[in-house]
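What follows is chain A paired twice: with chain B in the first complex and chain C in the second.
Showing the complex of A and B:
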């Protein structure tokens, strides 16, 4: 009797242990599991999904959004939003397309500098001007898009042979994909190893406390906005490589897509929390949904509605998760 | 004696500073009018031109009124312009038999003029209800939930017309837009009446004062017995309702609407409210200042039109001036 009871207890302990382990697995890697689940579902839904050509295409499509999302991730972690990422990318793509006559490298430098300049302006308005990031970057969105359209109302075709070469280069991994991966790798290493990265998370967690602890809040913020602008500048160059032209209306609406993507990737939209690689998995999930809807020829108008539902579910789930996490913290479990 | 004078001087200086801070945006508007009058060699302040400015800003103005309600409770409604466009699409396509024959791919049936207006306005209010409940019940940040709502609504507007623009709304709309009283178009009166009603509501009614209290400190407001959740939802409903009315004015003003119009409206709406000193963190701001912000931005656009600045450069300059105006407002109002 006693023996059987203890066996039952042991079994119970074992099963709760398994559940806890399973929970831990999900809590740590749920985004990656969701990504895998989506890949499986997509493969079932559309036979053309799991082809090398489509997967390569999916990665190339994700590259631009991915590069912008790295910058958005940093700004969101510090407790803000950058609504200017896509417009700055468009501006930078035009600067690049218009100046490529002077050579690839100088034009690319100029385009990236233009992006960084917009980022620094954002940073100064937020730190020195004390304007909320949402408003400061919303205004920058208008400024950058307006300047881009002033430079040219139509797309500017680039005829440099180097661009065509870059576009055709690479097999499964295209040049944009490789650039995206390199940026993510560098950012991940910096985030894991530098003091500044720690400060970014500290400020997002509690700005006042960070300031009292001696963190140079204004400088770090300025740096984060400048980095986001710089990455948008790089994305502008990549946009030209991918589409062979500078596009003044390129990426309209993407500022919100980047936020949705990193929210799917478990980034806390109130700042202070997030993992870069999971955010990038969020980008892939977001693009994958669009990709599958295209493969299944879903009406574009319905696609908008589906996207809205995805954003709400992703953000809703991440908030529920945060709430239960804070409850656990309060109860000391 | 000298001490008294000193104190008096100090008080006067403090009063002057306070006055400056309280009326910063009005002072900016007056300075701008003087500047615009000089730069345009007087054309800016001609009666005809001022009527044009008022006509142009009525839609954005009504949207800004609604946005003020939501911002007072520390929210934001990014879907309000899409609500306006959707309402205009429903009124335009559902209220005109002629238009109905053009929309072969649309799913919206012919409703008749009055029913289509009712459906559009009630629908707008219901959208606000959903927005408010999403924020209050599920605690999804307003910024995200209304953004998703905006995406979904633009998809819905596309479905209704099959993506095609509406060029033949019921003749009633353009007749309403063209009607004038004392030289001013009827849409301006609608805006003015709504602004007065909102200002009265916010300053004189219980619920108006509750809105300020909730924005200032939701927890304290809750402890003081204010039904925080209900009043917050109400702010979103009012905002969306005004969005529906703005859709009516949009259709009356332009005589046509496309499911994709209104892209630039959102930025202008939020800019108008924020330039007017309504705080994104809630609890601060008045209807008067939101209206002044709207007038300032509309005046700026008009001045640039007079000076023949290209439309895209106008966007860039507006963005820059919005930032500068907000920075000035923040500097003059250290408390905010």
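Showing the complex of A and C:
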């Protein structure tokens, strides 16, 4: 029975042949293909795009959004949203800037701990308090931004020589870029190899089933929000390295940019599905568009419109792909 | 637990209430090692609820569960797994975007240090389980890409991947072909030889007669009887499931005329039902009988344009029609009262009059503004004629009782001048008195020339209200009975038999 069906499937595949295979290739790697296409287009549109200086700059510009997007990715996969990532980063940047007098390492630890604390708070509100993630993290966004502005209404300039060194260090890959890459590498390995990561995808895919299978749903959720907060904390430190200051209004609006970026990267915003590296490609696409438009001196107002159009197209594409996949499953019966 | 006399499981006095409705009324249930005990009963008898309590998915209000030597007031999913209860749920209990292998080991992955997955150790186990179930596809396949039968078998593999002493199978064969059922049954025999106790929930009496050691019949949240298979006959089981005798006084006068209003010819929707044909006359009530999954709701949804038929013809008032959407169905004079009235029948947060006026708001509006006075007029008429008990027409629908909510849904279709009313389980979750009022309302409609197709799991209700009863089983119509002369036993006898059923065991 099963065998005869699979032979029938095979015959069907042959008949539609090359188109199917092309579609499969595209469906599997569309985000990377789009990224490459954008790079080519950008190189054509602006001669200054494919220069080492500009590419290095592009990566550095992507690093902060990228680090925040790793946390956002985890939260979205488990079936939520974290609207507090950018505000927590700002808060953590001020904690770092204000305490760096006690030494780089203690200050960085404190700043990252502050971020993780915010994340744990988010997680507790969501699990114990049974508040929807969107609302819980919206509240945290207000709290963190408010605290940051309470600490200082203006940017706090950091004069530590170590920061200046870190800022000037590195050739093509700046310190923020390297930190981003390391985080992505660690996260990718953990996502591929750990039970807890599998549970994140399982809960996002079907929470009831996960619970019935004995998955500690609350603990995993708490862990995900804590991780997102921790990464925001690290982003705060990186923000200070990049800009030489703690910035209370840093990254305003970025919480939505992270969601848009990982959506471009094919992450299912309803949870349960996504690939980290594709999400990061989404971040690059998102930044690349801004970068090219800046090079071409496009009016910033138009830039917003173009970016919005790209988001709609990318997300629409991934929804189309999902729909064709589920149709295949129904017809495969 | 090695002695057969010692029960493996003993559930005593299990009680569970949902929103004031008693789903389980002090049920006792026991299981011995190495036995297959079938649990049967009509829709809503409490079988699935009892098994969910056993698996720890539901917390009972009262009662104890003794497994081996331990006694519990309630289990939770983790505890259930630890004491060795495997559960195969009726509906898909899998994570669709994950692979088959990940689903099978979900919640009990083999790890190093509690964290790092040891995929190499899990793979052979998955491969062996899949071989046992005759599943020939890669364990890396996403569950989303599998068909219903394959998903069902993966669920079974998932349950067997744990160390289990008790295995519960809730309607495991609903999606399976005879061939696959054969594999499943030979597997169950092997588990039986290992001393695993099994509870097999099913409507299919042929299967029950084939594999059961004992049969327990449930009805209305109570255990009716438990008997060894040698002591039962199919007819005896059907009689025990049905129980209640029809109150013949409940039968009401028919308003059926000779005028044909709807004719359905050989209607099919792939994967749902096929070859369904019937006629409906003005003022007639046609009952649709059948077990859960027989395809009754699907036929109603197809008539209402929710799904489009793959083949077949619908003739409405003498004209052949294609019903492509609910909007079209409404224009043609059809109205559906869905099974889940709270979910898909009502806008709970809005008022009674708004709910009644919902399909005709365009007619009640001038430009874009709803003319409240006309809406109020329409609503007041219907609240009166259906005797909907509500403090005012502006009352939020959510605050009404189930019976009155149902009247609001029916009232809406009357306001829209519906000629054919499609009712899906119209009295589910409604208390007894309100049911009789609804019967009068439905009967009253037919006097005004409305025709009704009514799917119901309550056989007495079908017998009391219908002119004719169409019995469905496994997506086909299997019998057409005159409601005046048939009885519950005859209906059930048709409903539990698969058309041209071959004995599943022979295929193995």
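Here, the second predicted complex is superposed on the first by the 316 of 333 C-alpha atoms of A that agree within 3 Å, B and C clash if a C-alpha of one lies under 4 Å from a C-alpha of the other, contacts with A are read in each partner's own complex, and residues count from 1 in each chain.
The definition used in the following text is that contacts are C-beta pairs under 8 Å (C-beta built on N, C-alpha and C of every residue); 3 or more make two chains touch, one makes a residue touch a chain.
Here the structure is a predicted model, which is why all the values come from computation and not from measurement.
In the superposition on chain A, A:259 makes contact with chain B only, while chain C stays out of contact range.
When both complexes are overlaid on chain A, the residue A:214 reaches chain C alone and has no touch with chain B. In the superposition on chain A, A:198 makes contact with chain C only, while chain B stays out of contact range. Once chain A of one complex is fitted onto chain A of the other, the partner contacts of A:103 are absent, as it touches neither chain B nor chain C.
More residues of chain A are touched by B (comparison of chain B with chain C). Judged by the touch definition given at the top, the superposed model places A:311 against chain B, while chain C stays out of reach. Note for the complex: chain C touches chain A at residues 55, 57, 77-78, 81, 87, 89, 93-98, 102, 106-109, 111, 114-117, 134-137, 144-149, 158, 177, 179-180, 271.
Contact residues on chain A toward chain C in their complex (touch as defined above): 1-3, 6, 193-196, 198, 201-202, 205-206, 208-215, 268, 272-273, 325-326, 328-330, 332-333.
If you check the complex, the residues on chain B that touch chain A are 76, 134, 138-141, 143-145, 147-149, 151-152, 154-156, 158-159, 163, 267, 270-271, 274, 280-281, 310, 312-320, 322-323, 326-327, 330-331. If you check the complex, the residues on chain A that touch chain B are 81, 125, 129-132, 134-136, 138-147, 149-150, 153, 256, 259, 263, 269-270, 300-305, 307-309, 311-312, 315-316, 319, 323.
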